[in-house]
Amino acid sequence: MYSFENLPAMPLTIEGAALLHQMMRVKWPQWRALSAGERDEIVRDASAALATMESEGSAAFSMLGHKGDIMLVHFRKDFTVLNQVELALAKLRIWDYLEQTSSYLSVVELGLYESSEKVYTSLAEKGIERYSFEWNEAIEETLVRQRTAMHPRLYPEIPGHPFICFYPMDRRRGEQRNWYQVPMPERQRQMQDHGEIGRRYAGKVRQIISGSIGLDDWEWGVDLFADDPVIFKKLIYEMRFDEVSAVYALFGTFYLGRRVPGAEIGTLLEV
Amino acid sequence: MYSFENLPAMPLTIEGAALLHQMMRVKWPQWRALSAGERDEIVRDASAALATMESEGSAAFSMLGHKGDIMLVHFRKDFTVLNQVELALAKLRIWDYLEQTSSYLSVVELGLYESSEKVYTSLAEKGIERYSFEWNEAIEETLVRQRTAMHPRLYPEIPGHPFICFYPMDRRRGEQRNWYQVPMPERQRQMQDHGEIGRRYAGKVRQIISGSIGLDDWEWGVDLFADDPVIFKKLIYEMRFDEVSAVYALFGTFYLGRRVPGAEIGTLLEV
Amino acid sequence: MYSFENLPAMPLTIEGAALLHQMMRVKWPQWRALSAGERDEIVRDASAALATMESEGSAAFSMLGHKGDIMLVHFRKDFTVLNQVELALAKLRIWDYLEQTSSYLSVVELGLYESSEKVYTSLAEKGIERYSFEWNEAIEETLVRQRTAMHPRLYPEIPGHPFICFYPMDRRRGEQRNWYQVPMPERQRQMQDHGEIGRRYAGKVRQIISGSIGLDDWEWGVDLFADDPVIFKKLIYEMRFDEVSAVYALFGTFYLGRRVPGAEIGTLLEV
Amino acid sequence: MYSFENLPAMPLTIEGAALLHQMMRVKWPQWRALSAGERDEIVRDASAALATMESEGSAAFSMLGHKGDIMLVHFRKDFTVLNQVELALAKLRIWDYLEQTSSYLSVVELGLYESSEKVYTSLAEKGIERYSFEWNEAIEETLVRQRTAMHPRLYPEIPGHPFICFYPMDRRRGEQRNWYQVPMPERQRQMQDHGEIGRRYAGKVRQIISGSIGLDDWEWGVDLFADDPVIFKKLIYEMRFDEVSAVYALFGTFYLGRRVPGAEIGTLLEV
Amino acid sequence: MYSFENLPAMPLTIEGAALLHQMMRVKWPQWRALSAGERDEIVRDASAALATMESEGSAAFSMLGHKGDIMLVHFRKDFTVLNQVELALAKLRIWDYLEQTSSYLSVVELGLYESSEKVYTSLAEKGIERYSFEWNEAIEETLVRQRTAMHPRLYPEIPGHPFICFYPMDRRRGEQRNWYQVPMPERQRQMQDHGEIGRRYAGKVRQIISGSIGLDDWEWGVDLFADDPVIFKKLIYEMRFDEVSAVYALFGTFYLGRRVPGAEIGTLLEV
């Protein structure tokens, strides 16, 4: 026999692209102190490099507010490549005129609440012991199947909308309200309600969720893309009233940016 | 049949001008190191630029305390224009002598608690399913009507009072006291009581509320304008005792400024 | 009929001098790099300016610890004058060799718990409706009378003791313990007990309370003046056990300074 | 007679290598401003020094994200030697081009929950009074025996995996949920469940736990080593659902690095 | 008649030496940029000054980790002298090459829990009214007697052990667990249990407690001295399980240092 309490509490997840968000401030006095010729040359090199990176999964944004002037977002196949991107950027002369104010490291993640319940239950019904060789094989098979089916969502292109909203978040682990102690069916139900709000905004907002437990200081990163930032407000405000957000969501810093083609990064550096 | 629990929890909101507050500190040693002629020239350019911006919805303030020396407040029609304002400011030579210490991004917001209840109830009574095509149409119609009626309040001019008080705030989502889980009629009642205090200060304080969920790190921004900062203290202190503030309001940093015409920004830079 | 619940929850307050505390660190390398002659000249100007400001309600302190080297405290008639003081200081050459590490903005405040209860009750007994014209007139009359009676305490001179202790504080608005939801008679009782401790230190410590709701990031600022900092510890430690402090007081940063005549500010800048 | 309540609440621990993690950012403008020859010379000296340190228990990592560019990890026999490592590094010219952004100080720790219960119980059964000479001798004997048996785990080599994940953590001491007030058998049971998850990742992740109470700002440091950072996420996410982590774990900043041989540190400094 | 509730809640304390801890980071690039001759001269002056200060109650430490390179600890007779020490240090040329990262201000404090209970009870039994002239006289007499008896502990020499651990701490004032509302006999019992752990480490650790309410941002500072930092960990870990620490202790930043004779400060500045 089995009961729900004996099933694993963690939903299965599948992971895809490794993500790095880099927030940067321009060092205006040093930049303006250069001759026009030097600035042109530096911009030319930077534009070319960013245009190439763009074709490899990067995007540049003009940030609003003092949290930074430029945000670079990189989607790559793994963290080794992401590290190479960072080292390549540091070689550009423009790097001397930028100050990194923040960054965020994560990996595209799809949480398989529904599949998890099915496969956990099915294995339990067959009497297969948790974490046994057979159980592990079955789980791995599920993951492989899902990874194949979801491949485009695991390795997405950066949506082309004019505006981005990025923020990290946690699920609350309070003394009385603790997401990680909510039974899985209840978590699944709340996540489903949460997802329904998102689906109602389907045509207006594109959303990419990345996991960052063990990678950065919050548990998840959220990227939203839309034509108008007011839509971000409406979506997140509406979500704030659903149970999983109202009770269990803790939010980090919000970053807002306007998309700029890598080749036109110079428009953010005009003096 | 319907009951209140089935109505949407979120009040309808309408949005207007996109807002940016910029707090800046003067780099006095670098500034004083310039020749009087250079300073004059830089001030002349900055004054002219700020005077123009003023006519487009900006205002300058002399900040009190170490949080900054100058605060610029920009009200614009959308975030694209706001981003252009930022890029235009960065082109001014004065920008090399200012250090941004903080900023805040938001959008003028009117919360329609009363209308929301009416329209939600009316639609429920007619048996129109929530989020159906018909329901969405009716809601959109309400929003359009309200946006038209409230247009002057959605796109306000910056009041001309000598003093400004700006601060961001959240509604508490504590483990026991959670605004987003309070039933809507109760929230409506508390907001009404809260508004009554404001109305008693009508002749003395002008207030502009902006929403910033998904735009910046707090949920709302509050701008108050008055002839004397002591009125800010009296109003906010009195409000602190009403239920919605006493229990559910969390406050960020407070910024206090004295209005200065853009053309006279040089008076803040005399050495 | 009336009951206590219907009386306003906020105690009446009267306000006096506008206060600014400025904490500053000396930029030693830049300062020492000057020639002795330049330093002398800069000190001479600064001493003269501070001596004049002293006669207008300012005081200078040598700070202990790394939070700053010099603290300037300004008591002025209003915030416009305070803003002028800041602009005047920025014009001094010494300003290039000081870095503002913190500041605090507030207004001398006397909380009239006892009078409030009396006048609120008396007006209720007379059946005068709250916030009616007549009610407002009666309240205003009380305030005017108190302001006149308390004038010296509203516009105090900065006490001449050798040591100052300054710190900002809040009243707790916790999920279970919330000062702003404690009934007024109970708040009044606790404040009275609290005041009794202060009165026992009457000969040893001078205390000036200023309010900063809407002006700075905490609700109140507290200035204590004594001959020996150990007295600050004894007083505040003893108060920590009374109910209003034990349960409802939240403290910010503590600043400790030793009084230095403005004309002798040079003694803090010797190299 | 004895009862569990009378046994010491603290598990015995044994300590080994003294650990220092150093996070550093490259000062790119100053570094790039050097001539190629100077950079080569500085890199040559740094590479040689790091290669030697590597043979003495150090390792270098290329950090991902803005928290730093380079992380050095030092395992040494004690804190005196660790202090010498710091002083030796400061003598290198490369030190002028690095800014320490963070660090962490700890000591390899093995918590002996099981042995503690056994020896505490056995001594109690023999009627030996706690903290008596005899009791202390018996405890010391246990510690000596364990230290000998565990020597390789107390003084481990830094695993050679391509990726490191380092983070500090606390056990919660909340008002309602307090690890330090949980009875020892219950703590032992939770730690055992926790350890079982780790064991299931045995082939994929190497883990080194260090204690830092009294040494740094958190209670423990955790170093994980693996071939792919996604494994860090999977392991820590799975652990988050076990009771000791869900309820009692508080996490600090997460640092992610890619291993680089000390002799090849120059690859992180190419311009 | 009297009951325990009517006795003062605050334990009597006596105060001794005024303490200042200064944490500093070396500005390596600026320091290394000097000629060897200049560095020698600056070190010579600094060594001489520190050697003299050492004879007056100061000590220097080589800090471990990025929180600083050098920690100076000053024990003086009062805060006026402490302020003079700070001003004297600022006059040294070495000061230009050090950046203060932190500091802590406090006064050696002995809490007289046992005496307090005795004298409070005895006075109550005699029917002497609290805070009456007679009562104050009796209390003062107790304090004077204790100050004389404890003089060496109030004005201690800085112990000569190779390692120091310094950290500030608070007693919790939570919404449910509030040290300042625990009845005095219970606090006395908990402090006694706490002290017993300390006494078991008597030969290995020297401890100096200083109070900092009203002086700095935490309520107490703790200095521990030992031959090996692992002992700090063992002591503080063991204490964490006693009730007063488990429930009521909140800890600030921990600083670890290795003692260096003032005359040898140059060994920390070799390049």
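Per-chain numbering from 1; labels A, B, C, D and E assigned in written order.
In this text, contacts are C-beta pairs under 8 Å (C-beta built on N, C-alpha and C of every residue); 3 or more make two chains touch, one makes a residue touch a chain.
Source: prediction; values computed, not measured.
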Same or different residue numbers at the chain A/chain B copy interface, by half rule: different
Chain A onto chain C, rotation angle from CA fit, given as a multiple of 5 degrees: 145
Separation of chain C from chain E, taking each centre as the mean of its C-alpha atoms, in whole Å: 28
Distance from chain E to chain B - Cα centre to Cα centre, in angstrom: 46
For chain E, residues that touch 2 or more chains besides their own: 175-176
Ring of chains, enumerated from chain A in the sense that reaches chain D first: A, D, E, C, B
Contact set on chain D toward chain E in their complex: 8-10, 13, 15, 18, 20, 22-23, 30, 78-80, 82-83, 86-87, 90-91, 93, 95-96, 100-105, 107, 131, 173, 175-176, 178, 180-181, 211-217
Of all residues in chain A, those that touch chain B in their complex: 26, 28-29, 32, 62, 64-67, 69, 162-163, 165, 167, 172, 174-177, 200, 224, 228-230, 232-238, 240-241, 243, 245-247, 253-254, 256, 258, 267-268, 270-271
